[in-house]
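Across the two complexes that follow, chain A remains constant while its partner is chain B and subsequently chain C.
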Partner chain A sequence: MALEFGGGLNLALATPFAAAVVAPYLKRLMGHNVAWLLALMPAGIFVYLCQFIGTVATSGHGVHITPLEWLPQYGIQYSLFVDGLSLVFALLISGIGTLIILYSGGYMKGHADQGRFFSFMFLFMGSMIGVVLADNLMTLFIYWELTSITSFLLIGFNHKEERSRRAALQALIVTGGGGLALLAGLLMMYQAGGTMEMSELLTRGDVLRDNGHYGAMLLLILGGAFTKSAQFPFHYWLRNAMEAPTPVSAYLHSATMVKAGVYLLMRVHPVMGDTTLWMTILPIFGAITLIMGTWMSLRQTDLKLTLAYTTIASLGLLVMLVGTSNETAITGAVVYLFAHALFKGGFFMIVGTIDHEAGTRDVTRLGGLRNAMPVSFYAAVACALSMGGIWPFIGFIAKEEMYLGLLGTNLPALLLTLAAVLGNAMMFGAAFVVALKPFLGEEVHTPKHAHEGPVLLVAGPVTLASLGLLAMLFGDFVGAELLRPMANAVHGHHGHLQIGIGAVHVNFAFMLSLITIALGVGFYFRYEAIRSTRGVLIRTLGEGPDSFFDIFIAGLVRFSARTMRLLQSGNMEVYLAATFATIALALIVPMIVFDELPDWPQFPDLYIYEWSTLGLAVVGLYALIVAKTRLTAIVSLGIQGFAVALIFLLFGAPDLSFTQFMVETLAVVIIALIMNRLSLKEHDKRPPQQVMVDASLSILVGLGFCLLLMSVTQGAFDRHLSDFFTDYSRVIAHGRNIVNVIIVDFRGFDTLGEIAVVTITALCVHTLTLGTGRSGLKSKFFKNKSSGFDEATSGQKGAE
Partner chain B sequence: MQTLIFRTTAPFLAALMILFSIFVTLRGHNDPGGGFIGGLIAASAFMMYGIAAGVEYVRRALYFHPISVAAFGLVLSSGSGLLSMFEAQPFMTSQWTFPTIMGVEVAISTPMFFDIGVYLVVMGSLTSIALKLEEE
Partner chain C sequence: MEGVLSILVGIFFAVSIYLMMSRYTIRIMLGVAALSNAVNLLIFTSGRLMREVPPIIPEGASVPAMPTANPLPQALILTAIVISFSFLAFLLVLAYRAYQELGTDDITQMRVAEPADEDLPPVSY
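On to the complex of A and B.
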């Protein structure tokens, strides 16, 4: 059965990446209506994944497959795991992805790069499905990083605008930095748990909690989760990410990617949760994020920013709930996560439609759109009802469950309940600000004459908004088949969950709900007043880290510029002297320290032609030293090189000798060309102290190599490898020339690396000499250098 | 350097050198030679031609940009290593076949293509550098 699933699951994971390749071409052929065709791919994945629902719900545990072993000796492989938690996430990603692709077709219509946009969206979709379905920790990490990279590409999609570029870079730095922490955390989990497979790890009980490094491990994992899920103090990147086109905000930055951090926390909860540390850090940061986010959301006039801050707040709420390690609270978190993906995805799309059709999304410049855009209006109201937690929408169940779970008699429980009620109330206010303010009231003159969006734009929000109600009508299925298995996978018990129209119980939680709604209505009507309050503390919490980020980056740029100026003087002579001095020291010092200097060799007994070859080398050397002009010096160096090549030939290494001849010839020609190019003076005049330094450096390097070669030849020669090569080069590799067989076959991988280096060198030389003439080289070099610094300083300015 | 004799003989000499470089590359598996040395010979041929006739002629004669040639060589070399994956063997496991072409048994193998890749990389990279430097 595993194999049977494996084939299809691999295909499901590969489909988005394939779609990313073909999307731009299809777009060119078919225009923006290609969205209908492209949406079939995520829809197919969604339908395919649906077949797992029954298996996962009845079996109670997941389906694990390993399609590809990668580095089995380190436990690294490509493996997938489908259980209640990952399945619901994957369904949300592919399902909402279908709607988003349709929406992108309408929203980005006429954009020159719409094809590329589709491509990025599919790349993200594939990566995100990978994150949630990954079983192996390294598979998880790779997909995790891929979502950061695709998010970077999408936030910076309007790359000609400075703000987009800054937001994209900021998101990449924050989530990428978190990714590094996550990698360290995952490796520690591997060390402590002894397996790279998450599904295995989940069965090992307390092995991680009992580990001595549990604290560090948890903090590193949280570093990944908090940055990705925009928890305070890392939330600012998510606000700035709203520079992205609205489909991106709806998909990545509300429904899916930002939940990756929450997903990770839920995933590791059975093995890492339920400890004092867990139940301290998560609720505190979650609650701060919740209160700060909701308050900030009420202060915005840009509808998209209002939504962005409520998303940050919702993520805080989820982290807080997971942080309680309470079964009912976690069930509430699971339901809330599901409901949030539906209503927030829908909300973002509606705001995008308003922006698209009315030309602005500033709430103060909108009003009375209900007649022009009735469908969007009803969808928005439905989303707001779910977000506000009003019966009979799915958000209602989420709120009841979380209140039930949070309630307690001790002080922390009361504080968390208070935070949840306040946060939910403000969220209620924000929801209705977005859903009602643009549509009700006087008709306001908008930049564009507003009318309802086309099918592509309204299909998504209407579907998502009505799903908030349908999920309740089909509550038995959603509860038992989807969300209960998901909650069970997180808290590790067989909990109960009742979803449906009839699931209304008048208890204390219900009272809290009523209070929340009453407060929320108050926040809605006091909206204008809240916007004009100062709220210094919360504004510092909300906007402070963003400025801190700039200060941090500016400091980093200054620091590296200073270090650069110190280390990279730009003087070739200094570089060469440093390089050769390092070589000399590395050769001589260890030999003296470890007392491994070679013995003085016996006087060699050589034939006359061998002596004369050596004499040739000495003559070349002498000619080099006394040479008057540079050209003579280069040619003399060639004499010396040819003598070495002759020695190779005499001692039976024709291949080596052959190559040495060619290299010497080419080196002389190329050095001559370079000198010609650099317009060096004919004579090489150096001051006496410079001559002293250069001479002693050369002598030291020469001495070092001489000593090294002598000690190598004096030691016992290990014939192991050479015997192997001699014995097998003809038999296995069908070649009589052992040297060549070693190069292309036995040690072919080394050669592959070397030729890659050769190609890169050629590329570098090509770039360095690009567009430089004989006379322009020097000035060009300095111009380049100064422009490099200009860039650094302007980057600094931009960051400031 | 643009003397009449050198200018006249350079094309022939270059052609001969390139022919020789191919010969050296292909025989490399059994006799002294191979892709690296072959590439060096070919590069020196182009270099000499460039000094004699001017860089423009060499670029026209090469048709492809030397960097592209080098990059193609790199792709060829890595690609030859990938072939073994289809046989479920590790990367760069040599594959050999000995077809008889016109009555002669010819050895065709992935190391041969690998070596040709090395040849192209060395030739392309060095030619690119040299032509760039020769350009006034």
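On to the complex of A and C.
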């Protein structure tokens, strides 16, 4: 089985990315009709994935393909697996993707960047299919982040508008931040479960629930899922994401990407669900999102925003249902998810078509379009019937199942049922506002003369709308082959589900449905009144987090600016002090901690001339510090340099000594030249406390190096390398001066590097001195030269 | 012998770092010049000391007849001396040019790259 499907599945996942590369070129060749060609690609994936339906439904467990190894020592690999849950998602993504590509061809017609738009859409499609098919947790995470990034690109597609940029950035920050939480959660799952493979983890029963860190793990996973699926209080990014072109809203922000969070919750439900924590957090946040979303949706006049808020509400409903861990409720969630993808994707496309053809999507400026756009009208009504949960559309089954699952006698169950009824009723109202208000009533003058959209624009909504009915007509197939395996994958064992025209049972759930519809009709007719109510609490819940985001971002920018100014003050004294303090700590602390302080050295047996050389160096250094005039400073610099040269000479290093003499002489000459132009201030101008700080810091560093060197020289000495050079310098390199042989022979490349460094600095010096001849600077140069000269003479006088 | 050289190295470091923490570029330059000597002496001493026997192989022999000073640190220092000298020259010219362009040799007043009164970044999208 594995080999049979393996290559094909990897190919299917690679295809969208390949299409993303070629799409702009094809667009340039063929214009907007390239959509017909491009749509073949997701259609091909869809057909290919259909092969899996039978296998997955009968086998009951997933189909694995041969993984590609990546970092085997950490269990990280590229692995995919197909089970009921991932298959339905992948079919939705590729199937709706096909229609969306067609739709984009019509909707973005004439847009200068249509090719790039196709490219981004395909990138997203590939990433999204990857999310649902991923088996390895890291594969999942990478695809997850890729969907966030592609969503960012698509929301910000009209990047010349500030609102688009804000919405794109907001989506990226919210979902990307959630992605980080998810990464931590996935790693904890790996730690607790001992495997990176999701399919493997699902067979390990209670290992995650029994883990001591279960709470933290769950919260982190929820951090990823709630941000992606726009749960309160992270829902605002989804509303703002409506800045994107409508195909994007239809595809990413209703049908597929925002369901990734719900997918994740469904995926981990068998091993992480059914706990008190799970059954507390998810229903509460889901219910708040549902009520807030539906209420906000009724308050909008922009049809797209109405739909956006119902999407938020639907996601809340799904989270709530998954959060009950009740088998029937989850089956309801599965059916609802399927139905929602169809009707909401269709709805968005219809609204896009209205916007495209009539020039506005403001419900108060639309009316009477039923004659001009009849196809869109019927499609919209079909979508609304499914969304409102009216027989014989698939949405009906979803609602029956969820009510059956939610019903209970205890208080939480009653509250959740109440929330579901209320939410569904408001959703019903919103659905018919979108489906009826623009089409019924008197014809209103619209910015553009409205007429039915071209085939590219209506193909998608018509297909999706009719699928809501067809799914019921072919209920046996949809139920047994698609949705039952999916529901089984979510609750972890086999359940039952009946879909079809005949699946109507007059029970308590049916009563609740009737109540929902009655309330929904009420909401529809009270729509104008609801829009003008104040609803302070709901508005605060709905819009508060969005303004908080602005405060947060502004605060972040200010905070980083202040932090940077504190750390990078621009004051070199601070930088240097910090550097030297670190060096001092790094030298002294480890020696004290690990008790490696050197022994007190014995009084050395030095000859008198050696003592005097060392003394000379110390005198030179002392004079260098206290020097008040240029001349003294230069002379004392020379003294300490020559003293070092003498030390080299006394301890068997004539080559060093010779070089040091030359270099010191040159240095003194150059410094004298430069100093002649810069004045050495008589006083260092350090205030006494600054002298104390600097002096103690430098003494500490000096002490550190002194102790380090003592402890190094008191230890054992490895002459290995030196002996090698000594032994072979004559034999191999035919030179008698070992130091020279090392430099030009054994370490010749090093010397080449050194020559290069010297050349480059010489070039830099040359370049820097070129500018000195400029006229503006020349006067300053001379003025300074003369003043320096005065100071030199005064210095000499002082010395005398 | 190494002990007393270690103390000298410590003094070298202390003096050069004290000079480098000055506000005036010319004192910093003096500190850098002394610092290179400090580092060279550190390498030299850590290779152990031996009096007056340079690492040279006598004529006709293939290895030195008696123990010599350690040639390896010498080779390293020889490279270091030249490089630190070239950098000192570069720094000196740089300091001089900075003085010409900015009219000051006080590093607290050299704020072209990081102005003290820089505005906070704008808050928009």
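Just so it is clear, the second predicted complex is superposed on the first by the 567 of 800 C-alpha atoms of A that agree within 3 Å, B and C clash if a C-alpha of one lies under 4 Å from a C-alpha of the other, contacts with A are read in each partner's own complex, and residues count from 1 in each chain.
Just so we're on the same page, a residue touches a chain if its C-beta (ideal position, glycine included) is under 8 Å from a C-beta of that chain, and two chains touch if they have at least 3 such contacts.
Values in this document were obtained by computation on a predicted structure and should not be read as measured data.
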Query = Is A:Arg736 touching the first partner chain B, the second partner chain C, both, or neither of them?
reply = both
Inquiry  = For A:Phe525, using the defined touch cut-off, is the partner it touches chain B, chain C, both, or neither? Pick first, second, both or neither.
reply    = neither
Message = For A:Ala577, using the defined touch cut-off, is the partner it touches chain B, chain C, both, or neither? Pick first, second, both or neither.
response = second
Task = With the two complexes superposed on chain A, say which partner A:Phe749 touches: chain B (first), chain C (second), both, or neither.
result = first
Inquiry  = Per the contact definition in the header, classify A:Pro654: touching chain B only (first), chain C only (second), both, or neither.
reply    = both
Which superposed partner A:Phe508 touches (first chain B, second chain C, both, neither) = neither
Query = Touch check for A:Phe552: first (chain B), second (chain C), both, or neither?
reply = neither
Request  = Figure out whether A:Val663 sits in contact with chain B (first) or chain C (second), or with both, or with neither.
outcome  = both
Task = Between chain B and chain C, point out the one touching more chain A residues.
result = C
Inquiry  = Does any part of chain A touch chain B in one structure and chain C in the other, and if so which residues?
reply    = 654-655, 659, 663, 666, 670, 674, 677, 736-737, 739, 743, 751, 758, 761-762, 765, 769
Ask   = Considering the complex alone, what residue numbers of chain A touch chain B?
value = 654-655, 658-659, 662-663, 665-666, 669-670, 673-674, 676-677, 733-737, 739-741, 743-745, 748-749, 751-752, 755-756, 758-759, 761-763, 765-766, 769, 773-774
Task = Using the touch definition up top, name the residues of chain A that touch chain C in the complex.
result = 162, 165-166, 169, 553-554, 557-558, 561, 565, 568-573, 576-577, 580, 601-602, 604-606, 614, 617-618, 621-622, 624-625, 633, 637, 640-641, 644, 647-648, 650-656, 659-660, 663, 666-667, 670-671, 674-675, 677-681, 684-686, 694-695, 697-699, 701-707, 709-710, 712-714, 717, 719, 721-722, 725-727, 729-731, 736-739, 742-743, 747, 750-751, 754, 757-758, 761-762, 764-765, 768-769, 771-772, 777, 780-781
Chain A contact footprint on chain C (complex, rising order) = 1-27, 29-30, 33-34, 37-38, 40-42, 44-59, 61-64, 68-72, 74-75, 77-79, 81-83, 85-90, 92-97, 99-101, 103, 105, 107-108, 110-111, 113-116, 118, 120-121, 123-125
Task = Show which residues of chain B lie in contact with chain A when the two form their complex.
result = 28-37, 40-41, 43-44, 47, 66-67, 70-71, 73-74, 77-78, 81, 91-92, 94, 96, 107, 109, 111-112, 114-115, 117-118, 121-122, 124-126, 128-130, 132-134, 136
